[in-house]
Each structure stands twice: as structure tokens, then as C-alpha cells.
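Written below as C-alpha cells is the structure these notes are about.
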Amino acid sequence: MKTTMTPGIELRTSPHVVKGNSVERIMFHVVLALLPIAAFSVWQYGVSALTSLVTITLVCIGSERLFNRLSGQPSTLSDWSATITGLLLALSLPPAFPLWMGAVAGFVAIALGKALFGGIGYNVMNPALVGRAFVQAAFPVAITTWIPAFSPNRFSEFAPTTFTAPLMMPPDISVWAKQALDGFTGATPLAIWKFDNVLATPADFLSGSVTASTGETSAILILLCGMYLAARKFLDWRIPVAILGSAALTALVFQAIDPNRYPDPLFVLLSGGLMLGAVFMATDMATSPVTPKGVWIYGALIGVVTVMIRYFGGLTEGVMYAILIANALAPLIDQVTQPRVFGQVKAAKEKKA
Amino acid sequence: MHDSLSQIFIATMLSNNFVLAMFLGLCPFLGVSGKLNTALPMGAATTFVIMVASLCAFGLNWLVTALDMQYLRLISYIVIIASAVQLVEMFLKKTSPVLFRALGIYLPLITTNCAVLGVALFQTAREYSFLQAMTFAFGGGLGFTLALVMMAGLRERLRLAIVPNVVQGTALSLMLAGLLSLAFMGFAGLGSGG
Amino acid sequence: MSEATLQPATPSAAMIRTLGILSTICGVLIVSAYQITLEPVAANKKIALERAVFKVIPGAHSVKEFDATSAGIQPAGAIVPEGAVKFYAAYDQAGALKGIAAEGAGKGYADTVRVMYAYDPARQVITGIGVVSMRETPGIGDKITTDPAFLKNFVALDVKLAADLKALANAVKTVKHGSKQNAWEIDAISGATVTSKAVGKGINASAQKLLPLLVPHLDKLQGGK
Amino acid sequence: MAASSLNHGQKQPTNMEEFMEGIWKQNPTFVMVLGMCPTLAVTVSAMNAISMGLATTFVLVASALLVSLVRNIVPSQVRIAAYILIIATFVTVVDYAIQAISLAVYDALGAFIQLIVVNCIILGRAEAHAAKNPPTRAAINAVGMGIGFTIGLFALGSVREILGAGKLFGIALFGPDFQPWVVMVLPPGGFFVLASWLLLFNWLDSRKAAKAQTEEGRIHA
């Protein structure tokens, strides 16, 4: 058959223990860093968010196991990567996203995002974002249906959409959402800005009372967790810095051009999934460049494309697509920024990526 | 249509990318995207030929319309594109052997690239003016190149991966193309001037 | 072609002759196909047009195509005059003018959205729209054909001309969902703002061009049977 | 492809084999993966897929017939030009025919009807088969290829329509509450569905191969 591919096939039989260990350790700490964010979102959205987080993570773990078995490989669950994918995916989806759609997203994330390309380290794009982009394209209405944060009944009552029967359309929840919380508009701050030109204040964002995906609103918490990971060298601090910096800079330029039309950089940084994406998604080691210069280019690209899509595209949020595009460009960025002399460390890293 | 040039350019390059959104030029896209160092010249050659074809088609459309012989449009397009590619090939051979050696092998492939005929047909259907047509062709060619180069980068990277046996070959390329296409959906609406 | 110079074995006369014969065969085939299908195609186009017009002007029985130019209006002929705007006049069974229909096009989310709208000359309002072609996202953009709240915009959309008859008194404008205040505004579908705007822009552009040319000559259309 | 047709020239396959070649062994969509632009672009519904398949089949058969008829009088230097001429003619004919039959189909397929000209299956067949075989044989092979291509398109179109709209041939299958998977009728869905079909065939192939191997092993044991 077509076993002509890759000398890497021998790798399967010889577990590279040392590297595996360190990957596990990094991944485990990423999971730890995600837990406070998940906890905050459960406090915001109640049982709906909790069920969503648990279900999607379990689906991801189950899919990973399934593909392990299909390809006859030993279980890779202990590297925590499927758990991270599941948590990130759930955090990036709306809190009341129907569970069956979340399950689809989780399965697609693992299958299309990772397993088909050979598993961890060989994914070409961030698996969680692949899953999200798939359901964004598949269920455009459900993925832009939001529920209010801090509604009084959030710990006793599920959002009506959560338990939508599989393959069926979720019910319209606009009436329910208005009852749950007075004055709820059902639109994210980005959408409100884009279509009504009204800006949410930083205080709105920091209190977590804006409409958003499950894990998007706790900007400070995300930053803190990111700093922890960066301080322990579990993620490359240059990537989030480059993304947030370039996004802020781009926003600043546009604001200078027309202050009435374009919002201030702080709004750009705090709104939508920029913070979560910059800290946890763009930093995925397998899909970001490895050269020092490349990392800066990669981050800057994400920042600029995000702002461009938000300002001029048909969609209100662009972080996800910006990261996916940059993921796809990462090999090219590496190639262009390749230092002339191959360092020892880099060569090893290269292989992993 | 009253689309501005910049709108046409952005739309054809990104949101309506020839390969990833309109499925034009898939055969060379899947065939020549294995390696980065061939992807770029192929993209450049295709862009060039698309521009030439667009130019020819614009003149030809004017002629065919003036003579009221629309039924000959398709046949004259394909004939003139095929001859144009031949002429370009001969011209390059004579004037710039270096460029010819770089692009030569791709030129015959391009004749049957549906992106080339596609440009001619779409610019006619959309009744683009001369400048609009040229912008359309240029943006389309660049978009094709961009998709080709991105694809080549990903495929080169995956050469090290332990891809499961059943996913090898065209299926893998199509999966990658699907992912790229999914990512490019983020550009939807860009260039619509909304 | 270029190979021919490399291999002079076949005389060029033979090649030219063969290609000549083939071209003749092909030419004959194409022209006969064109001739044979000419009538059915025209009939098909007419049916499609009638269907589109009847959909926006209920009760209409026949349709006539016109060109409006600065010189007046005339039945559409083979040659379209410079700067002409095409429109359709619909008549009922008795031959009385039922309404005017015209096409507008605006750039939507994915591609151009083309709509047919019905114009009631007596009340100077738009009384209905139908989509001619679009490639908007199913489930979102295509709500412009199904969303009852959106379609209500076009029961009596104000396109009154200004006093000088040179432009609309108020440009047709798409406003965000839930904020329609004036009769010339279109209340966008929430979540499908880009497509809703495309419809508004298409109608506005077309009406701004057509109505100033058409309104002074409306009397010519009466009893057009 | 050239090699395979050479083989055929030597072995002289029966008409049935000639016919089945395009449907199974050399299926243009699933085995040769040719002509993908229309394969992906128009298969948003089963109806579109079948219309496109039939249009392509017509061009395939008609051009194969004509190419085969003139194969002995066309000098080899100008044969490609002659083939392109012939193919473009029949595409123009089919273009007008579809307009005459149904404008709705014509609008749905758009420019992709005219793009049949550059469908590599047709030129490939003309060059590799029709130019080397008598008319009946060429036509039979072309019919098989056309049907194989149509089957491929239908396989894509039906999956995309069922998932993407909850319908088949425009008839709703699952009731009004079905949630369509919009992505399936969008460009990425086309890539994914075709890739999944290829995966399925690869998987079946590898299973067959594995089975054959174990059986062989048993015999040896």
C-alpha cells in the first residue's frame, strides 16, 4: 500500500520519553491555567456553561481515544492535549450553545484538527479553532445566540437551547433571555459597536457583564493565567505580546484617522475573544513559528488581521480566523525567517513542529 | 457593476478566492502545491497568463459583441487563450531564456487551468470595464498564488508527520484545502464595501 | 503550432486544410444549435421574467419591457440606447396598468444580490420585492425572502420624487433592526445586516436612476395592451 | 493514463469492460480525481450534480465520437488544437441546449457549463482513448466515463444537499425543525465531503488489501 510516506513512521514504535514527559507537563499546566477561567464562566453563566464545558471536553477526550484505537496507537489521553482542546473550544462557544452542536464541534476539532494529520504535534491549525470555525460555518445562527450573564436563575435553570434534540434546530430564546435579565439585547459589544456605533466601557468588560462566549469576558483572569504560564516558560510570551501590541497599534492608527468611527484600542483589546485567543490559542506550539523573528511576525499578523476583519469584514469577530490564517502561514513564516546557521535547539524543535 | 477597483481586488484575492471559494484552478492547485519552491513560480506564471487571457478576452468580447456573434464567444476565448499561452511561451524563449526556464514547464499546464478561462467568462458575465477586468485578473492571480503557497507550506510541514495510511494522497490535500477554505471564510464580507 | 516548425514532415497545407474542415463542421454545429434553441430560449426567458414580475405584482396578466432614457420611454428593442434603464410594465386582464417592476442590484455578503421590486405609480411607493439571484448564507442572508418582518418593509416603501423630479425626496435607506421610523427606511434583519443593506442599496440605486426618467412619462404606459 | 490505454490497445477489452472502466476502475471522480472544479463547485444539490453530470457526459460522448471519426485525417501536430475546437463546439451546443430546457438549471450552474471546456477528463479521454479507437468503442468508453463522473457528482451532491439543507432533490427529508449544516453547501463543505468519500474508498481498499494479506499468510502457514 501507500506506506511510502515519511521516515517518521518508525517513530511510532520508539516512544521518545523525555520529550513526551515535558509535553505532558506543559499541557498539564495549561489545563491548570484554564481552570480558573472556566470556573469564572460557570459563576457567570451557571449550569448551562458547566454542562457545556463538561460535555465538550468529554467528547474531545472520547474522540481522541476513538482515533487512537482506529489507528492502532497507544492512548494519547495522558498528554492532556485533548482536554485542552475541549476546554478551549467550550470556552470559545456561546454558553447556551446546543450540546449536540458542541459535540459536533468537539469531534471535528479532534478529527479534522488533529487525528487525520497524525495526532499531537502534527496538527496544521489549532484544533479547538478548527472545531469552532466548522460549527461557525455550519450553524451560523446558533453560534451567535447569546444568553445574559449573572441572570438570577442561572444555577437552577438551563438555557432552553442547551438540551436541543440532536440534529434539530434550537428554539428561539429571545423572549426567554429578556425575562432572564432585563434589558438584555442579545448582541455582543463588537456587534453593538459595528452596527450601532455604541461602545461598551472597560468597566463593563472587567465586570464580565457583557454578552460573550463562555470564556471570553474575564480579561484580567486570562492575562493572569497567561502570565503564570509565561513565567514558568510554558508558553512563548512574545506571541500574546505581539498580537495584543499589533492589534492595539492598528486600532490606534485607525482611531487617529477617524475617531468618530473607530473605537479606542482598549475596546479592541478587551472585546471579543482577542485575549483568550492571544494567550491560549495562538500560542499552540505545534502551529506557531519557531524562529524568534517569525514569532513576532506571526503575532503581528494575527493582531492586524483581527482588526481588519472586525472593522471591514462581514463578521463582527475575527480573532479565530486571524489565528487560523496565521497558523496556515506559520510554515512559510518559518521558512522566510530561517536563520542562516542551524542551532542545535532549533533543529530539535523543528522536528517536533 | 459599480464595484470599485479596491473592492474587486480584495474580494477576488481573499473573500472570493479563486481556489478556495470559487473552485477555479483546482487541478494545478492540488498538483503543484507539493513544494514551496515550485509553488511560487507556478503562481507567478499563472497570474501572468491570467492577465494576458483577461486582456485578450476583453478585446475579443468587444469584437464578438460588435459583430453580434455571441455564440462564438466561448470557442474564440478558448482558442485565443491557447494561442496566447503558446505565444507567451515562444516570446519568453526568445527574449528571456532565464525566465523561460523558470516558468516554461508550467505554461502548458496553465492552458487547461480553469481559472484562466474562468476569469474570461466571469469578467464577461459581470460586465466589467477594462480596468475592472484587469484588477479582477490580477487579484485572482494573486489569490491563486497565495492559496498555492500556503498549501505548499502546510504540505511541506506534513511531510514529517505520521499521517494515517488512509488519509494519504489526494484525500489529505483536500482536507487541507478544506481547512484553508474554512479559514478564508473569515474574510467574507471584506470588499463588499458594507 | 510551434511543433510544426520542428517536424516539417506534414505539409502545412494539410494541417490548415484539416483545421479548416473541422472549423467548418464546428461552425455549422454551433450556428445550428444557436438557431434551433433561439426560440425556446427566448420563450424560457419570457416565462422566467413574467414569473418574477407576477410575483411582485399580484394580479398582473401580461408584461411589457421598456427602456427609459432622458428622451422619454420606449418599448425595449434589440438595440439598447445609451444610458437607458430597463423596466417592466405589468397590465391586468383588461389591459390597465397594474404596476411597474424593475431590477436593482447591491453587493451582499457573498455576491451581488439582485432583486425585482414593484413600483406603484399612483401612490409613489414600492409595493413588493422578490429576489432574482443571490448567493447569501443559507439560514441568515436568505431570510430576505422569508422573514415576514423584513418583507413588511416593502408593503409601502416611500420612493416619492423630490419637487424638481430629479431624485427621490428621501433616499431609501436600510437602518438597523428595530429602528425604522420613516416610510422610506428599511428595517434590517438582525444578524443579516449586510444582506439587508444590499437590498436597500440596490433598490435605492435603481429607483434614483429610473424614477426621474419614468415619472414624467407615466401616461404613455396606460392601456398598453 | 497513457500507459493504461496502451495496455487496453494490446488486450482489446470487451465492450462491457470498456463501458465499466469509467464507472468503476478508472472512475474520474474517485479514482483519477479529475475535473474537480465542477465537481466541487456545482454539487450543492443533487439536481445540480445530475444536470452537470449529464451535460458533461454529452460533451464527452459527442467529442469522443467526432475525435474518433477524424482521428486518421488529423495531423498529430495540430491534434490538440483540433480537439479543443471540437470540445468547445459541443460545450457551446450544450450551453444553448440547457438554456432552452431550463433557465433555472442554467442559472444554478452558471459559468461552470462553459468551463466544461477545460475539464481535464474530456481532453484526457480524447487524447488517450478516442484518438486511438474506432467510433463505437470510443463512444462506449465515453458513456461509461460520463456515467462514472455523474455518479461521482451525485455522491457529492446528495450528501451535501441532505446535510446542508435537509433535502434531496428539493424534497424536505427531516421535517421543519431539522437544523441544516450550512457549511456543507459552502466551499469548505465541498472539500470535506469529497475528502471523506476518498477516505472511505482508501479505507475499503486498505481493508481489502489487509484481508488479502492475512489470507495469503494463512495459505503460506
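Points worth noting:
Chains here go by letter, A, B, C and D, matching the order in which they are written, and residues are numbered from 1 within each.
Quick note on the criterion: a contact is a pair of C-beta atoms (placed from the backbone, for glycine too) under 8 Å apart; a residue touches a chain by one contact, two chains touch by 3 or more.
In this text, all values refer to a predicted model and were calculated from it rather than measured experimentally.
When the C-beta pairs in contact are tallied for A-C and for A-B, the bigger tally goes to A-B.
Here the chain at the heart of the shown protein, by mean C-alpha position, is B. Our note on geometry: chain A versus chain C, Cα centroid distance of 44 Å, whole angstroms. Note on chain placement: the centre of chain A and the centre of chain B lie 33 Å apart, centres being C-alpha means. Rounded to whole angstrom, the centroid-to-centroid distance between chain C and chain D, based on C-alpha atoms, equals 35 Å. Separation between the centroids of chain B and chain D, computed from CA atoms only, is 22 Å.
Counting partners per residue, chain B has 71, 75, 165, 167-169, 172, 175, 178-179, 182, 185, 188-189, 192, 194 as the residues that reach two or more other chains. The residues of chain D that reach two or more other chains are 81, 85, 88-89, 92, 96, 182-183, 186, 188-189, 192, 206, listed in rising order. Of all residues in chain C, those that touch two or more other chains are 1, 26, 30, 33-34, 109, 137, 139, 193-194.
The part of chain D that touches chain A in the complex is made up of residues 174, 177-179, 181-184, 186, 188-189, 192, 205-206, 209. Every residue of chain D that touches chain C in the complex is listed here, in rising order: 66, 70, 73-78, 81-82, 85-86, 88-90, 92-93, 96-97, 99-104, 107, 164-165, 180, 182, 185-186.
Of all the residues in chain B, the ones that touch chain D in their complex are 20-27, 30, 71, 74-75, 78-79, 82, 112-114, 116-118, 121-122, 125, 165-172, 174-175, 177-179, 181-182, 185. Per the touch definition, chain B reaches chain A in the complex via residues 36, 149-150, 153-154, 156-165, 167-169, 172, 175-176, 178-180, 182-190, 192, 194. Those residues of chain C lying in contact with chain B across their complex are 1-2, 26, 30-31, 33-34, 105, 107-112, 193-194, 197-198, 205.
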